[in-house]
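These are the structures in question, set out in turn.
Two complexes come next, and they have one chain in common, chain A, joined by chain B in the first and chain C in the second.
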Partner chain A sequence: MFSLLQIAIRNVMRNKRRTAITLAALLVGVSVMVSIRGALNGLQRSLVQNVVSGQTGAIQVHRAGFLKNVLSSPLSLDMPQDADFEKKLLSVPHVKAVSPRILFAGMINVADQTIFLGVQAIDPIREFQVVPLRQATMGDKGLMESGKVLDAMVVTEQLQGALQGSKVPKDAPAAILAPDKDGALSGENVTLTGVMKLNMPGEKKVGMVHIGVAQRLLKMEGRATEYIVAVDEIENIPQVAAELRKALGKEYEVSTWEDIATFVKQAMQRQSMILSLVAGVFMILMLLGVANTMLMSVLDRTREIGTMMAVGVRRSKILGLFLMEAATIGAMGGIVGGAVGSVIVLALNARGISVTFPGSNVPFTIHPYVSASYLISIVALAGMGALLFAIYPAWRASRLRPVEALAGG
Partner chain B sequence: MALVQLQGIKKSYQLGKTEVVALKGVDLTIEKGEFTVVMGPSGSGKTTLLNIIGCLDRASAGSYKLDGEEIGHRDFNDLAEVRNRKIGFIFQNFNLIPVLDVVENIEFPCVIRGEDRKVLRERTLKIAAEVGLMPYLKQKPDELSGGQRQRVAIARALVTEPQLVLADEPTANLDSTTADQIIDLMLKLNAEMGVTFLFSTHDPRVMEHARRVVRIHDGVMEDGTEAAAHEAGRMHASLGH
Partner chain C sequence: MFRTTLLTLAMTVLLPTVAFADPTAEELLKKYDSVMGPENFSATILMTAHRDDGTTRAYKMSMLKKGDDKFRATFAEPAAVRGQEMLRQGDNLWVYMPNLKRAVRLANRDSFQGGDFNNADVLRVNYQADYSAKVIADSGRADAWLIELHAKTKEAAYDMIKLWMRKSDSQPVKGEYYTASGKMLRAAEFSDFKPFSGLVRPGKISMKNMLATQRYSTMTWDAMDSKVNPPSGKFVLDDLGR
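Let's look at the complex of A and B:
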């Protein structure tokens, strides 16, 4: 006993070479799409981790209005840097660590050169608890020694380059000049103890000092302009941000890494868009292959279609038969392609791919992965797409006139 | 009672820019249980006539009553239904479905109309035995000889218990021994089951057995009867068979 579906499956198996070629196209297409998606997922997760653990922290807390005026580094929009405030932040579930910073703009003078720079004042020990990847880029000896705060500054390679090339000797004396909280020009003597790499795009002429040095310079004892917050899992960031907003009230603004590193978010969206475009083109090419196979099948089997019509098969069933054949090919190609793609992604995940971002010389390893829902949707897309692209050939088959079909077209 | 009644059937179609008239007004009546042969040279319109009688094509003008019902103007799906219920086809090229085995090919017209599978299988096996296919039930068409394939086609034509079986040159692709066997088989089925057969053929052996021969020439019918059959028999004999 048999049904139309069984006939469809047998027909798919009948012309083995043609089916194999179509399946191979689908298989390669789907598995490549899955692999690329996996690689991009891994890349984007690494990117996020790089930003979150190397630059911004998962979440930042500022006084309300700070980010709008961030270019002028407003010292008036400050907040307490003390145990009470930190306790408030740390009491929110999933918060792992917090660290204060002061961001300000100023000038640095080395020998007879004075240039503008941006300064990040941090507490190194706690900073590295929130953004551990930073430790690798700047080392931990520059700002403190044996638990003692140094009057020291670590500069980026770009800043060092701007200061008479690389002729600036290690431990060169320098002076930082900046307007303090009240607007009066203030200065501090520091030693240039180290050079760091910045692994993210953005402002390049940056120096880093201990927060204690900045508080003295800016007359901001016990104050900070931002807190960076570490969260246990990336997935928990939105929830933690919401609870921090509730805990801190209107006086403060709570931003996630996405709000701050907007260029990263935008780059990720662009990548995803390009991938979708490439995937779309791939898919259409594969499905055109399916359509072609089905058209050839209709031409080859004209007499058979005529026979079926002669014994009383209705047009709708002829249409259904060819659609089923296409869907069978689509589903088979999709499932096998999805499986092969998953194996590739799993293998790459176990192995890891080493990547260096342009504009950075810090390599890191990405681990590709794909979600089950992506896999399901890509298999469904292959099946549905095959069905869609088979409509025309199947319709042509169903519109044949029995007499002409029996005569072989 | 008349099974097929054609009156003034005309058929023309476009071939490029010229209109070809294949049938110029055919009248034909076929009684139930007849074993009739349509004969005529290529291009005489006999295939067109069979296609119209088989509801595979529609006449341009005229009236066609099958079993007393006017069916000349039915739409495609209605005609599919008529073909499925009332007409069996036997083709020159056998036209079996390659992916189905012998039993499945025989049952195909009944399966698509959703018949009870158990009842159907009983009837199928009976017909398969009748046409001598019992040893080949699970074989695919490409594993069968021409004669065996035509037996499958005959069984497929009969399994629906049709009123009319149309055979378009059914022996043209068979060697003479096999052709004889196939003709004998159809004669036997005609006699035993009372199914009406309508043939088109060039084959004098078929004409020899026909109770009635109708000739078609240039789209016009010349109805001969016993005399024509007799003549065909003589012609057959003179050819040295």
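Let's look at the complex of A and C:
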């Protein structure tokens, strides 16, 4: 068995040009597959991070039924916003921070123009503890000044655009109108203090106010419609969600970022599927190349095979020899390709690739990476695939008739 | 003799139908406007909004109308909206918020105080100006005519309305309100027909929300006087809050 491997390696090394061409095919194929996977890994991790630390937070807590009724009257499904409730949330292990929000629909009036908008009422200081990336999307001036809550609103660029283009001066007087928790129309004066970038696709006309302003407007003092829970590591999210469910009981619903940003999850699954398809096609093309060179090799070496048979080498050994040669090339190509791919991925990881999603204006950097298990599996796949695609040429070789083979086929 | 009797009989049966021909769509629309939004009036109205969770909210307001397109509503109850006023002038609609001390423009199709009427339902009753109408032959009920209204202007409250008016006195009895795509948003029933200082009209409208079917609102007229002539000065922005 060992001598067979030695002969196989010697044979592979003997015809340098053919081996080089096959190796090149494998190298390109495997390194491209590794690079694409790496880029996608990086993209998907950034996507998750962008969602978790820039939009939804890791976990959201609502009153039961809130998400189902989010379009009708979510203000009646509210919860306390106080230290007792927060203590309950913070007592769950791995919970890093919590922050209350109120989401509501209303109108904004500037000059003689009134338009609809979605409002997110937040506690700025704690909001940035649960969704730190958000800080980057906010303007230079915000909802608080030296610890004091401002009657202020920060609007998305799209909302500012809808409000008479760019003619709205900074610090423009405005009013928010919204039905309060009883449905009565209520209004509060605010100043437009800043412009923020939209950080995810979705509702574009959005304004952000301090939760205190919203509580006054909606007559919801000491209440919130949701709590965002930050978790120390992304991997701990499911466990923390389960424990929160246990701690809060049936009255509340606990959702992870995957439940809320379902489109992100779906997009990721779609991307992975497409990648598998592309990788599969690459692999087959590559392996067809291997099969082709092996077949050429068999035809080239007919006389040699005849000689081997004439001196008593068994057909099974011939079969084994050619399979071994293919596996050797496959393994070599896989390893070298994997190594080249890893170098590319590492280089891109160090450099980072800047990407902006359609519908969002916040560019973010992706850092490609691949896991060791993926590398091992791709090298194994290249070797096994080469072996599989060499079965036919090797079988052809083992079926040759010694006399004819000696005569040169 | 026999023939004469037959003729007389036929005449007595046929004559009423000849004398009282079916009203045209325009006539019905005019009748609707004359009872629901007479040229000038003052009224006190109670709106009760029944919400998804089974609770109710009551709003008490007084309303003034002058000419075709001037409305002013002033809220007295509940405390949260006391002092709020709504003013309509042509296609413009404002709400005056006492705490803001100024008026803010509103959209016609926005919900009126979070209930199931929209602003135009209450403050823009001029169907002749806003809609073109045609009579639908099969009204689905023997006691009422059905007219179909299509919006002539985008400021109208709805894209399409089906309105049933009873044959006995042409009073509105039922309405269905649709989007341009044909989705039913709301359905109204008119009841409690009685005279208000001489004008017979529905004293109550019940508006059902067809999107959130647990919700409906009723509007009850406590008093209405269509013989008043409020001064024009009541219908300007500067007068709000005074």
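Here is the rule we go by: the second predicted complex is superposed on the first by the 403 of 409 C-alpha atoms of A that agree within 3 Å, B and C clash if a C-alpha of one lies under 4 Å from a C-alpha of the other, contacts with A are read in each partner's own complex, and residues count from 1 in each chain.
Everything below uses one rule, namely that a residue touches a chain if its C-beta (ideal position, glycine included) is under 8 Å from a C-beta of that chain, and two chains touch if they have at least 3 such contacts.
Note that this is a predicted model, so its numbers are computed, not measured.
*Asks:* Putting chain B and chain C on the same copy of chain A, do they fit or clash?
*Replies:* fit
*Asks:* I'd like to know which partner A:304 touches here: chain B for first, chain C for second, both or neither.
*Replies:* Only chain B; A:304 stays clear of chain C.
*Asks:* Which of the two partners, first being chain B and second being chain C, lies in contact with A:109: first, second, both, or neither?
*Replies:* It touches chain C, and chain B stays clear.
*Asks:* Take the Cα centre of chain A as the vertex and report the angle out to the centres of chain B and chain C, nearest 10 degrees.
*Replies:* That angle rounds to 140 degrees.
*Asks:* Go through the superposed model and pick first if A:312 touches only chain B, second if only chain C, both, or neither.
*Replies:* After superposition on chain A, A:312 lies in contact with chain B alone.
*Asks:* Using the superposition on chain A described above, determine whether A:272 touches chain B (first), chain C (second), both, or neither.
*Replies:* In the superposed model, A:272 contacts neither chain B nor chain C.
*Asks:* Taking the superposition on A as described, I'd like to know which of chain B and chain C A:135 touches: first, second, both or neither.
*Replies:* Once the two structures are laid over each other on A, A:135 reaches no partner at all.
*Asks:* Looking at the overlay, what does A:175 touch: chain B (first), chain C (second), both, or neither?
*Replies:* second
*Asks:* Touching A:44 in the superposition: chain B (first), chain C (second), both, neither?
*Replies:* So A:44 meets neither chain B nor chain C here.
*Asks:* Once chain A of both complexes is superposed, is A:11 in touch with chain B (first), chain C (second), both, or neither?
*Replies:* A:11 sits against chain B, while chain C stays out of touch.
*Asks:* Minimum CA distance, chain B versus chain C, superposed model, integer angstrom?
*Replies:* Value for chain B versus chain C, nearest C-alpha atoms: 77 Å.
*Asks:* If I apply the document's touch criterion, which positions on chain A are contacted by chain B in one structure and by chain C in the other?
*Replies:* none
*Asks:* For the complex, which residues does chain A have touching chain B?
*Replies:* Touching chain B: residues 1-2, 7, 10-11, 14, 303-304, 306-315, 317, 401-403, 406 of chain A.
*Asks:* Sort out for me which residues of chain B touch chain A in the complex.
*Replies:* 51, 54, 56-57, 76-77, 80-81, 83-85, 89, 91, 93, 95-100, 104, 108-109, 111-113, 117, 156
*Asks:* Within the complex, which stretch of chain A touches chain C?
*Replies:* Within the complex, chain A touches chain C at residues 72-73, 76, 107, 109, 112-114, 116, 175, 177, 179-180, 182-189, 219.
*Asks:* Quick one: which bits of chain C touch chain A in the complex? Just the residue numbers, please.
*Replies:* My answer: residues 49, 51-53, 57, 59, 78, 80-81, 84, 95, 97, 99-100, 102, 104-107, 110-111, 113-115, 212.
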